[in-house]
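You will see chain A twice below: alongside chain B first, and alongside chain C after that.
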Partner chain A sequence: MSDAQTNSFIAFLPEGILLLGILALFGVTLGTNRVGAARHVSVATAIALALACAATFKAEAVLFDGAYRVDAFSQWLKLVFALGYLGCVVIGNHLKDIRADIRPEYFFLLATSVMGFVLLAGSVDLITLVVALELSSFPLFLLIAMRREAKGRRSQMESAIKYMMFGIAASGIMLFGMGYLYGLTGTTSLPLLVERLQPVMHTPLAITGVILTMAAFFYKLAVFPFHFWTPDVYQGASNETTAIIASLPKVAAVLLLLRFAGAATPEAQTLAVMLAILAIGSMFFGNLLALAQTDFKRLLGFSAIAHAGYTLLGLVALEEAGFTASLYYVTGYLFMILACFTVITRVSRDGANLPISALAGLHKRSPLLAATLLAGVFSLAGMPPFVGFMGKFSLLTAALQQGFLWLVLLAVLNTVIAVYYYLRVVHAAFFTEPSGDADTSPIHLDPAARVLCLLLIAVIIGLGTVPGLFLDTIADSLSSIFPPS
Partner chain B sequence: MNLTESSTAFSFLSVLVFAPLVAAAIALVLRDERRVRQWTLLATAAIGVFSLFLLRGFEASTAEFQFVEHREWIPHLGMYYTLGIDGISLLLVLLTTLITPFCVIASWTVVKLRSKEFMICLLIMQTAMTGVFTALDFVLFFIFWEAMLIPMSILIGVWGGPGRVYAAIKFFIYTMAGSVLLIVAIIALRLETGTFSIPALMDQPYDRSFQLWIFGAFFISFAIKVPMFPFHTWLPAAHVEAPTAGSVLLASILLKMGAYGFLRFCLPITPLATIHFAPAILWLSVAAILYGGLTALAQSDLKKIVAYSSVAHMGFATLGIFLLVHHGTIGGALVMINHGVTTGALFIAVGIVYERVHSRDLARAAGLGRQMPIFAFFLGIFCLSSLAFPGTNTFIGEFLVLAGAFETSLILALAIVPGIIVAAAYNLRILQRVAYGGTKNPDHSGVADLGTREILLLTPFLVFILWIGLQPGPFIGLMEASIQNILDIVARSSGALNP
Partner chain C sequence: MKIRPSIRKACSENPATVETAFYIVAVVAVLTTLRVVTHTNAVHALIYFIVSLLAVALLFYQLGAPFVAALEVIVYAGAIMVLFLFVIMMLNLGREQQEEERSWTRPSVWAGPGFVSAVLLAVLAWVISAEGTGPAETAYVGPEEVGLALFGPYLIGVQLAALLLLAGLVGASHLRRHERRTVLRDDPVSEESQSRAGPEKGGGV
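Let's look at the complex of A and B:
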């Protein structure tokens, strides 16, 4: 490995660029009323970050005494984070629903959070991992609270507190679990920890440690029963903030779950069954409650819980094909959910929450937005040729391969339940005429939003029909993380 | 069965499948709606003519898949991009490519609102439909199979009648619910054999109980699509509310996919289960024939009559297929093609009536024949074809099925006979009312007879009705080898069971 090591300065290029971007944003926040500048710096940072990840794709390095690793796997994920970041910034537009005087700070905090996610991708030591995780979480707590205060509504504060309390509690449980793992293995270095954990993985102590550690990641992913914050936070946070919370942390959560699940083999039935129960609980809870929602963001919140359940299907398999499928699915999910939030932020002119009925006549008001919504929603529903289908297909294959037929049948049953509420969204956007006093004027999209819509549609279809390169790379890099035991 | 590579490097089928999609992309950038219509017609007509060249290269004497294209697609998941056709799919592909231009003509003046998006949906549909009939990789098949749902629901839900939203959502949920088990079956087959290749999955010695489960998953999804009694309830709603072109596509192509699924997957992949379940399916088919016919007789909405007659006709198709004897299965396959031609024509005829009197009510349409003698002539032939009058296409198909039924079981055959009589009754009822009846009817004197566009639209259907009716040989010849091969697989596996 040491022969192939890249110059560590180059290997750290993406993080360096992001750091420069954050410093620049900090500079911008020192002035007044410079939201435009902050936005431009953010877009430039995101694009530069994506390019840097692509450029350092082949880089391999171990930094900071083995606490941080740069390899194809981490670079892929950083690229995904960079693209998600770019999407979030463009979706954020002019931050209609954020208090006007702190809008530049919003971009600054967002970039800081992204820094946390990027660092997570490379962290291979418990200490760096925890630091990166908290770095990614804390700015999000603030972002939620930054929503403009409407008359008689302080739900943003309630949401922020909820998100924070749950988050801190989950972190506490995680640290508790990590304590067990450290006690068992005597190391904080993940590769070493995983290696030493494998022989004792059947012991109750190891299973308890792993499950407790995973609790924090379940919270991020909104897995039942760690989901309670989801609908309220989705509803209480501004549309732009919800887009961030709904997208980037999910990928990070799956990434972290994989790091620890790698310790177990398919023979670890206890862990697999536990994950399966969580998956079933999430799917049913999310889908059944989503059926009754009228607010689009709240609906997406419940659907996020259901999707967390689908994502766990791959982890249940506890082997590489399943891990690849989970990562593939959650990456696709990132783009689907961004597509939905692009529509939400553009249809809701003043940044208010969007009832599903407000989508009425969207195909006349803006065909491009309607098409984006169609791609996003049908992909969430798991229809081909979108990525939602191929992702679910690979998840189901992985789970069935390990003999979880009952789990697979329950998952497809859930797919059918879910179709109903996704169709309600399509129904509103395509088949319903707006009622009398509704806004029917055409929606004009700025060029950036146009490009974002087209890109999202292209990625959702592209990842669904020709995911070959993506899957191969993920699978290859996963096998480098988990050397066959 | 081996995949014989086509001798030419030219990807005939890929062009056929994806040309409509390319045409849709071009239509997307055209500004003028009139241009879009003209372009769509030109494109679909060109694809239709182009597809006829398939006949030149097709070798009817073999059951091998032809025009095969085999490429890597997603190696990580073991999926390949494989296309190919045999005799069964050839006719269905041609039906698809030849019907679509007529759907465009049929919606020429009717679809006024957003006709550009309408045409784009139509073109995407064509890609998906052609894809279903040519895909030889199970996942690829499934993608085309499901990809059809979105544009079809939009066709119904946006451009349909008053109850369109209900119909569109019912159609979507029914079909989607049916096909989720198909995914599980596909994955299970892959885990059993290690491949998604349809030809490689055929004729394998699967465990009997495994076959029963797989067959069950197949059956639910295909039976909903056919639709077989008692899974048919989405059909009348969808048919009645869909715009004319949508009804034609539904009747002519989409319903065929279910029966195609039976022929392509159930029989050769799960032959033991097929034999096990065949008697039950035969009686379900008889129920469909009787139920569809009797319900059609009780309707006063022209589209509903044709919709329920579809249930009955498709009952003949599934009956023929599951007779598992030479005549019956060929008859069943022929009924599929015939139903595509005849019912497509009838839906266009109903659309013509609706354009003129703005109602599909049989009573309102009564007496139109006086003002529209040319139309009455066409309608007469179509109705005769629908009731299986000798000399028309349907007669050949249903006669073969009936002959097969007599070979198998006398009781079964006798049970069908009332269905045939009822078919005559409801078709003659349409003909009698529309062409001759209704002196007390509101004034139809302002109603014009068929224009040139409409005559051009209906004539090809007439030609095919009489052509298949009078000279079915070439049509049967195209698919005989493929069907015999499937029946051989079934016979072999049952022989292996009881030597």
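Let's look at the complex of A and C:
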């Protein structure tokens, strides 16, 4: 084997490991008495994937005739996806609300979905990109439908069908937009497409194409006019599945938006104004409706819409500091939301949805879980020293530097609104005594969950207290997709 | 890319007829697809969908990709859609459904799709027979080019599609299992509603 071959072989190591894991999981699903095996294989795959991503962090290669690129940007995202996958697997340790005989399939489908996300990170060709995107979302449709059926209600099917119909419609719109972009540029290779798009970016056709393409990513991110599915799907899917839907696709959506946003730099005011309107709409809609929620998962669903708005703030700036802030924020968001869902899955005894009032007395039942909840929720609210604060701070700075003062003011107003409902959650967990018939027995955490809780708290604080380190890494990784002009 | 000299000659001679043929087919494709969306009966919608796919195949042919056109007819219109029709028809058993099935084959049902198919056939015959109505583009994409593209830059896409199908297969088998269990457990009334819900889901997956 020549040096170049060895090089590209090593660069493809994370994907290879994940593929082997998927095949192993498929084998496990065929056997009998398989839940434990499937769980172990999943954890092993996730750890191996994270290690492989870390090992190939500096790798660079162009594979498959230019359709797939391994660079600093893709490796950073792969590492985030790998850690998110590990978190999701540990969160889904018990799968209380999934029937025992289909739990192995759950792990298999989860791994397949992660494969889609990982490949999305490296795809630089429209066709590969679309297939990877579908690969990441189809298994999620199925995961939602796998929840155990509540008596007389098929809310899990309703959620699955809602998620699927919206998803397919979004994909259709995206393909339509991509058709325009292909017609304008005559190529499916993304770097070339972005380069050829820049001179014609002011034409209506190009703007239409880019906006239609971005519509699918907005759907994944649950941005305001594409948000309809969010609360219902969050509520209808099992707690573990919601953890997956709330975390990994958001990162993927920002990754895709960044890939296409390069076409719009430096001056594309139409796009910037559109993104600003979407950001404002999402923030207000999400935050105001979240105020009235009593179900914790539904609250997180509306809060996800608001956070999609915050993330867009960085894109509005349409320059690198903003993009860095967006990617940093969504990375942090992944860990905050995983922290919240770790608590939900462990507090809920039988896998049912968790009303906020059920958190009452959590600090006595399990101090570690209460601390995890505190870190996650305070970070979502944007309090220092957690990552949510630094994330919002860098987003607002980036938007302010580009002269979007009004946008920044509205965003700050929203942050203040949001504090109210996040504090309600903290209040329930720390300052409310459980009512008479509520479960007050201590919650026993398995070692894996303990480690996950500690790691999540560490990451949320770590990302927030030494942001310079991570922001530099992210900025470096972004310069590999936006060559310095 | 190879260029077929005869087509290039034909195009330069008579671009107007090329365009006419293209627009006729395009209109058929759009109209039939609209019918797919607006029809409330799944079987009728599927029949229109088949015609729509045939129209798209004809567009591919006119653009100089006869191999892709053939694939579109064989794989989509031929295999997948007809399979859908069979599944929907087969899953509806019982006398009531027999009546329903008879109503599907009334002339008023197939007259519309039949007519637009005839239009497509006429355009195809015209395109093949008359000089100057060949592909609008001069680039010719034959099986060789398709193969090279699939196993060159799009190799990873092909592999991914395989994985996607595997996930779909596992999911379909799980949904099926889920249904049967529900039927066994529930009372006869909901069993009926289950079996009625079945084919729709089969079409969706």
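Everything below uses one rule, namely that the second predicted complex is superposed on the first by the 476 of 485 C-alpha atoms of A that agree within 3 Å, B and C clash if a C-alpha of one lies under 4 Å from a C-alpha of the other, contacts with A are read in each partner's own complex, and residues count from 1 in each chain.
Just so we're on the same page, a contact is a pair of C-beta atoms (placed from the backbone, for glycine too) under 8 Å apart; a residue touches a chain by one contact, two chains touch by 3 or more.
Values in this document were obtained by computation on a predicted structure and should not be read as measured data.
Novice: On the A-aligned overlay, A:Y68 touches which partner chain: chain B = first, chain C = second, or both, or neither?
Specialist: A:Y68 sits against chain C, while chain B stays out of touch.
Novice: A:L423 in the overlay: touching chain B, chain C, both, or neither? Say first, second, both or neither.
Specialist: first
Novice: Let me test your reading of the model: by the given contact rule, A:I102 touches which partner, first (chain B), second (chain C), both or neither?
Specialist: Second partner only, chain C.
Novice: For A:D446 in the superposed arrangement: first (chain B), second (chain C), both or neither?
Specialist: neither
Novice: On the A-aligned overlay, A:L400 touches which partner chain: chain B = first, chain C = second, or both, or neither?
Specialist: In the superposition, A:L400 touches chain B alone.
Novice: Would you pull the chain A residues touching chain C in the complex into a rising list?
Specialist: Spelled out, the residues of chain A in touch with chain C are 19, 22, 26, 29, 63-68, 102, 105, 108-109, 112-113, 115-116, 119, 123, 125, 127-128, 131-132, 134-135, 138-139, 141-142, 145-146, 149, 161, 164.
Novice: Would you tell me which residues of chain B are touching chain A in their complex?
Specialist: My answer: residues 72-77, 117, 139, 142-143, 146-147, 149-150, 154, 157-158, 164-165, 168-169, 172-173, 176-177, 180-181, 183-184, 187-188, 190-191.
Novice: For chain A, which residues are in contact with chain B within the complex?
Specialist: 324, 363, 367, 374, 378, 383-385, 389-390, 393-394, 396-397, 400-401, 408-409, 412-413, 415-416, 419-420, 423, 427, 430-432, 465-468, 471-472, 475
Novice: Of all residues in chain C, which touch chain A in the complex?
Specialist: Residues 152-157, 160-161, 163-164, 166-168, 170-171, 174-175, 177-178, 182, 204.
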